[in-house]
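Next come two complexes built around chain A: one with chain B, the other with chain C.
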Partner chain A sequence: MVGAACAWYAGRAGLDVILVDRGPVAGGTTGAGEGNLLVSDKEPGPELDLALLSGRLWGELAREFGDAVEYEPKGGVVVASSPDGLVALERFAEGQRAAGVAAEPVAGDRLHDLEPHLAPGLPGAVHYPQDAQVMPALAAAHLLRASAARLLTGHTVTDVLRAPDGTVRGVRTDRGDIHAPAVINAAGTWGGELAALAGVRLPVLPRRGFVLVTEPLPRRVRHKVYAADYVADVASDSAALQTSPVVEGTAAGPILIGASRERVGFDRTFSLPAVRALAAGATRLFPFLERVRAMRSYLGFRPYLPDHLPAVGPDPRVPGLYHACGHEGAGIGLATGTGHLIAQALTAKTPDLDLAPFRPDRFAEEAA
Partner chain B sequence: MRSPLELVGAQPGPAFTVTLDGREIEALPGQTVAAALWAAGVTSWRGTRGQGRPRGVFCGIGVCFDCLVTVNDRPNQRACLVPLHPGDAIRTQEGTGHDD
Partner chain C sequence: MTERAHLAVIGAGPAGLAASVAAAAGGVRVTLLDAAPEAGGQFYRQPAAELRARRPQALHHQWRTWERLREGLRTHVQSGSVRHLTEHHVWCVERNDDGFTVHALLGPEQEEPAEVRADAVLLATGGYEKVLPFPGWTLPGVVTAGGAQAMLKGALAVSGRTAVVAGTGPLLLPVATGLAAAGVDVSALVESASPKSFVRRSRALAAQPGKVAEGAGYAARLLRHRVRLLAGHTIVEAHGTERLEAVTAAALDGAGRVRPGSERRIPCDTLAVGHGMLPHTDLAETLGCGLDGLAVHVDDEQRTDVPGVWAAGETTGIGGAALSLAEGHIAGRSAAARLTGTEPGPGTWAAADRVRTRLRTFFAALDSVYAPPAHWTEQITDDTVVCRCEEVTGGAVREAVAELGAGDPRTVKLLTRAGMGWCQGRMCGPAVAGLAGCGLTPSRRPFARPVPLGVLARAGELDHQ
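And then the complex of A and B:
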């Protein structure tokens, strides 16, 4: 998705773009997510700023592609599970409001106005009208098709071509060389490998997640609904399995149930403990799900950087190399802002956001 | 025409009765919903969610979820996998199979 967004915004800035992918469109993490466009789970700071910018840009794109990419500005509802949790959640939301997020407290006795099927007795929630959703594979495909980019799927990048002075000259693929004055690393969870081909370190690690898919249902879950614990899980550094319920309906009918996080490398083995925890968590939020069948599950690998911020912008170590990866579980949402900022960097415009927190060389000192 | 039962020399147990939308049809022990419906000459038992197009068995091995059917008031069962028991009530299914 990030690659498609870079292609779209770079193309609109007047640049010729070739998009190289070793697999098909949306064959990696893009095709394995839920299509979250969230501000609700982000604390004030550079990632939230990028999310707010991205949300506005998604809204603009939606005027052109909205139906085709199943864009739904449905809003998010973050539910506290205890009175203490509600206090913490409301404090968190207060900070977000100061940073420009719309975050409306919802008392426990008003929750069912927003979500009629929520479990009874929950202490309260915060409603985030800016949260939205797209179908990520459709979004990547439509954005790419509408961009003027040449698309080379099934081409594996095997090297980054560089001039004697180290400047990027293009990429070598298993099907020939492509010459270009700028190369954007939008390889997601595999961005570290691509960086290594250019001789630089970018410590992108996979963080596995499962999603459970229910049978198609009439619309019973209106918003993106998740437990407040999710925010803590997202920010954690633990390698062990963590799950916090995230529940949302889709345009096609099935309900998607996430979210699990664990660092187990690129292990694609099905995990019954993980999906069992997902099902149990979702059922605590929405008891009716107990009687709903889960049809299947899928899994993906979030591109995780140690400080939970993506790498966006030029790499000072390799002139001509740009990074647009490492967005962890927020890559769909943050794709538009990332593509926009990359296009500004490519055309020597002042970027709308300070790129310093996203500098790709910020981990260099940790190199072994 | 010879049936598969004859070809393999099968000697199934006694047939029993189930219902399809209230109408009685026969099933043999071990038969799935889909097998019994086919044997009764029924090849379509679901209308799709969008346009109500007819659906029956496609993959036949539980993968495609095309043959969904309501059995004993439980919607979205895969007809190709669910074995029948005497008295089971099969209902053809429209849309999501859920009421609201």
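And then the complex of A and C:
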């Protein structure tokens, strides 16, 4: 997704773009996650700023691609499960409002106006109208098709070509060299490996997530609904399993429940405990789901960096190398802003956001 | 703890039955689970009515084997060494620190859960039918080969019908003769394999006197029932408005393309199609068992590469009932030995081993004979529905491949929803792979059956017997 967004915005800025991927379109984490475009789960700071910018850009793209990419500006509802939790949630929302997020408190007795099938007795929630949704694989594929970029699937990058002075000249692939004055690393969870080919360190690591998919149903869940403990999980440093599933209906009918978060490397083994926790969380929020069947479950590996912020922008260590990876569980949502900022950097424009927090060399010290 | 080691066998077809009997005889406690209301699997379950009624010579021997197995099962059930759980749909097998939990759903509703804890598991889940799409294949009246076989149960309901049996593979012969014996007018058996390819493979096939005799028996019966055999032919279209009225069959040229001008229309109200079988590997994959291509990988003892997990029968490769029996026997013996702490000596299953080697060679040879026409995807028009669950057409799949950058079935699925419906791509998988221009690869299905979220949320919390 991030590569497709970079290709789209760079192309629109007048650049000639070649997109290289070893697999098919959306064959990486983009095809293995969900398409929540969330501001609700982000605390004030650089990631929220990027999410707000990205959300606006998704809204613009939706005018052109809306139906094709199943864009739905449906809004999110974050539910507190205890009175204490509600206090914490409302405090969190207050900070977000100050940063430009629309966040409307919902009293317990009004919850069912928003979500008629929610469990009874929940203390309250916050409604986030800016939260939206796309279907990631369709979004990547349609953005790419509409961009002027040349698409080279089935090409593995094996080296980053550099001139004697260290400047980037292009990439070597298993099917030939491609010359270009700028190379963008949008290799997601494998971004660290690509950076290493250019001789620099970028500590991108995998964080496993499972998603549950139900049988198709008539629309009964209207928003993205999740329990408030989610916010704590996203910023967590724990390696253990954590779940607080987002429950959402899709245009095609099935309900998606996801996602778990575990640091177990690239382990593809199915984990019943992980999906059991997803099912338990979802049925607690929506009791009607008890009898609804899970059809399948899939997993993916989010690309995360130690401080949970992506690497976006030029790499001062290698002139001509740019990074656009490490978006963890928000790479679909943050893709548009990332692509836009990368295009600005490539064309020497002043970026809309300060790129300092996203500097790719911010981890360099640890390497020593 | 003096309790005997406990083996859970999943699937009560030839492989699972042979395994259960062998393991129980070897001193372990067995729980045999199957989704069906009766033991027997695909083979013994379906043609039973026909076999009893006519006892054709070619199948006589297998019928006796079945009676022996059923008797063995009954004896072990009575003595308490085998527990047979019918109508248990296993949706997942979980590996725990101290063994395995088999998670099942009960009865036809598949809503109530049941769990079985065991020290080891033996997967004998068999295979399922492969059907490749063509224009008109979704019309009522078009059934799978297995579906046609199931029709035979109500023999009265089928007589007076006119059927065509088509596709490729050794199953088409018994289906055609079975239908004919039940009073159906079978107007043609349309087999895409050419007679030439049989000749080319004749040495490997001739090494199997029993099998060829069986084949010859079928040929004689085809003749007796006046079933016309159209070898080197394929169905290009099924016709009808409300339901099936006729099919168009055509000859194939040497390259596997339809020979222009060779089309002929055959009126019929039933078309039984099949393009072979594919192994059920869902439970094995979720356990982390490695695969060889599309089948579960096993060693000489039928052990998978996950400790404590055996596999036998068509889940490890398609090869007919006799091969499933031999593999089941070996797996049951091996599991019993290993679970009682003994090393199975050479020769423990020498006879079964010989049968296994012989039949695997034979089916490998058959496989290369029975193949769908090389250019079968050309028959799929842009408006042919490929994925029936999600109603995805051939044109939509082609667009995803040609214009949206999909190069594999997984991406086609993401971009078109082909394979996301009830059957989870079991039906359309081969067609989607063909249209995407690549081979069929295993697709992970963590749930072998859809499971209610309430059951999933409490999985592992049931009291175990």
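We adopt the following convention: the second predicted complex is superposed on the first by the 367 of 368 C-alpha atoms of A that agree within 3 Å, B and C clash if a C-alpha of one lies under 4 Å from a C-alpha of the other, contacts with A are read in each partner's own complex, and residues count from 1 in each chain.
Here is the rule we use: a residue touches a chain if its C-beta (ideal position, glycine included) is under 8 Å from a C-beta of that chain, and two chains touch if they have at least 3 such contacts.
Not measured: the values here are computed from a predicted model.
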Problem set entry | Fit or clash - chain C, chain B, common chain A | clash
For this session: Return first, second, both or neither, reflecting whether A:A282 touches chain B, chain C, both chains, or no partner chain.
Result: second
Problem set entry | Partner chain in contact with A:G31 - chain B first, chain C second, else both or neither | second
Exercise. Given the superposition on chain A, which partner contacts more residues in chain A: chain B or chain C?
Worked result: C
For this session: Classify the contacts of A:A137 with the two partner chains as first (chain B alone), second (chain C alone), both, or neither.
Result: second
For this session: Would you sort A:P218 into first (chain B), second (chain C), both or neither based on which partner it touches?
Result: first
Problem set entry | Contacts of A:M295 with chain B and chain C, given as first, second, both or neither | both
Exercise. Is A:L89 contacted by the first partner chain B, the second partner chain C, both or neither?
Worked result: neither
For this session: Name the contact category of A:F270: first (chain B only), second (chain C only), both, or neither.
Result: second
For this session: Once the structures are lined up on chain A, find the stretch of chain C hitting chain B; candidates are 76-84, 328-336 or 418-426.
Result: 418-426
For this session: Indicate the residue numbers of chain A shared between its chain B interface and its chain C interface, in ascending order.
Result: 215-216, 293, 295
Problem set entry | chain C-touching residues of chain A, taken from the complex the two chains share | 23-27, 31, 137-138, 141-142, 144-145, 151, 153-154, 212-216, 252, 254, 257, 269-270, 272, 275-276, 279-280, 282-283, 289-298
Seminar exercise, completed: In the complex, the residues of chain C that touch chain A are 92, 94, 111, 285-286, 288, 390, 400, 403-408, 410-411, 414-415, 417, 420-422, 424, 444-447, 450-454, 456-460
Exercise. In their complex, what parts of chain B are in touch with chain A?
Worked result: 49, 65, 68, 75-76, 95-100
Seminar exercise, completed: Per the touch rule, the chain A residues reaching chain B in their complex are 215-218, 220, 253, 293, 295
